[in-house]
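Order of writing sets the labels: A, B, C and D. Residues in every chain begin at 1.
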Amino acid sequence: MILPKLILTDIDGVWTDGGMYYDNTGNEFKRYNTSDSAGVLFCKLLEIPVGIITGEKNNIVQNRAKKLGIDILFMGVKNKLQLVEELCLKYNISISEVAYIGDDINDILVLKKVGISGCPANAPSYVKKHCSMILDKEGGSGVFREFVEKMLGEEYLEKALKFYFESLEEFKQ
Amino acid sequence: MILPKLILTDIDGVWTDGGMYYDNTGNEFKRYNTSDSAGVLFCKLLEIPVGIITGEKNNIVQNRAKKLGIDILFMGVKNKLQLVEELCLKYNISISEVAYIGDDINDILVLKKVGISGCPANAPSYVKKHCSMILDKEGGSGVFREFVEKMLGEEYLEKALKFYFESLEEFKQ
Amino acid sequence: MILPKLILTDIDGVWTDGGMYYDNTGNEFKRYNTSDSAGVLFCKLLEIPVGIITGEKNNIVQNRAKKLGIDILFMGVKNKLQLVEELCLKYNISISEVAYIGDDINDILVLKKVGISGCPANAPSYVKKHCSMILDKEGGSGVFREFVEKMLGEEYLEKALKFYFESLEEFKQ
Amino acid sequence: MILPKLILTDIDGVWTDGGMYYDNTGNEFKRYNTSDSAGVLFCKLLEIPVGIITGEKNNIVQNRAKKLGIDILFMGVKNKLQLVEELCLKYNISISEVAYIGDDINDILVLKKVGISGCPANAPSYVKKHCSMILDKEGGSGVFREFVEKMLGEEYLEKALKFYFESLEEFKQ
């Protein structure tokens, strides 16, 4: 498989299991999975940019993106396809060179256009049918990492791991 | 299947997996599933009113209802059947035109009377036996959306999706 | 099965799935299941006292007990068997008339002595072997309710439901 | 199996299911499992030291370690192998006498060197292949306890339980 030039991802239902935790004071929580952070790391080590596009807008996503060092972050997006097309212009790439993972109706138009389209195992059938890659994992259980690892394949995954172990050397005293 | 004229829903055990999160300060949390929000959206697009009836009373439900734009919200309800009958009078519809989904003993009297009665896969057997539609999903995993989609059937679901994609046009610049 | 005269229950791993949520400020959360509250209600309707005995000590358990109207609450208990024996003296009953559900090593001595001893499906084997009733549900998924319903049997469960529906009448206007 | 002289453990994905809960204010939560605390207790009763080594750095881990009485705690560790080797020098033991459980890429170098290497059932295949003990449980469901119990074997587990029950005597009045 040819590596994508840009990997974009939805958040709720992909990086989470769709759970939206609310409390009595109006505060909100999300549960991410630390497993996905290695997926982001592999992309960094191989110099593939990763971006987040979500319909929600809150500090939780912003903080998670910051912690993982993800610079491309768009929140409160209604028309995701239009945004993806703009990003392609900006990065001077074709939409067929983009990989996107999403799980719901606001992802469908993008999934139909990108080169590699992924969704979690528990996405609705009318989302799944537009995806070239239906992952084994459900949302929130590391499905973004699975998406990345499947795109990398054995060869590039080994390369990323090699880079990772080399990077550990610098922490030796 | 004929579309209901009003869709009513319980919250705990349906929109949630029954989990009640408490902390040391008396604050309380609930975990909703973003998947259910599309169920509400489909009803809106097809102009079927949706209402929440719950025995609990707190800001969490109120905030969730507000976020999803659900106007019919009754909290702290002891006798749900009486309330449903009053709503039928108000909306000038028969109780056989109402769809209701619930999972526990305080839902039984309503489930026995409405036209379409649904419950999650993990409801007790003495609730299930009064339901015309036992869903595949458990509470908190998108069972309200499954309930709505099964009532809509393929035809109306496609219609709702069509309306949804048309609505995205207005967000184009 | 003869009804017990007192039903006692552990909390963590029974009313919860063992999850202990901690945050950065030292605050703590537990996830109860609303499903268990009907178990407590059935006992009330049939006038069987319910009590909580836990090794933990915090406001979370206290608030949950208060909300469900459970008066017998002992927290921070190291030697549960000694406490149960004292309760038997106080209530003037034999320990063989007590039902107890617990899931871990601090429950073993009690489980070996009471008349009806229950544990969740996911308890360790060295706890299970001392139990007369190994439930189908895991901790936090309504196993206390299952424990109560199995002890009540069909006859008393129907009686409890009948009392419950009668109690709804008083909420009619 | 010969007992290890030191048991070391990763946290995220082992003591938790990998879930990282974030809220709107920047606060963070983790979900531990009370089941694992008995694993720590068994080690204490048998006088085997237990230590935590994690790449994360926050109060949550610190508070959990304190509650369970774990003195060896290293947070924010980049190069875990170097640290483990330093600990071996300090404790005057060989790395082949160390047991370690971890689930991700930052654990691999340690898992390859220690005498007993464990991982949860849901660890990636490129972590599993370096482990001498692939546990049945997933992260966050008591896999640390399972790791300890399997190392103790029936004989030492019974010994630990005997010590535990003896310790309860001191709480009798």
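Assume contacts are C-beta pairs under 8 Å (C-beta built on N, C-alpha and C of every residue); 3 or more make two chains touch, one makes a residue touch a chain.
Everything numeric in this text was worked out from a predicted model, so none of it was measured.
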Intersection of contact partners for chain C and chain D: none
Residue-number overlap at the chain A/chain D interface, same or different (half cut): different
Length of the line joining the C-alpha centres of chain A and chain C, rounded to whole Å: 43
Separation of chain B from chain C, taking each centre as the mean of its C-alpha atoms, in whole Å: 30
Numbers and ranges of chain A residues touching at least 2 other chains: 21, 29
Arrangement of touching chains [line / ring / star / complete / other]: ring
Pairs of chains found to touch, sorted by chain label: A-B, A-D, B-C, C-D
Partner chain A, residues of chain B touching it in the complex: 21, 27-35, 38, 58-60, 63-64, 140-142, 157, 161, 164-165, 168, 171-173
Interface residues, chain D side, partner chain A - complex: 12-13, 17-26, 29, 78-79, 82, 104-106, 108-109, 126
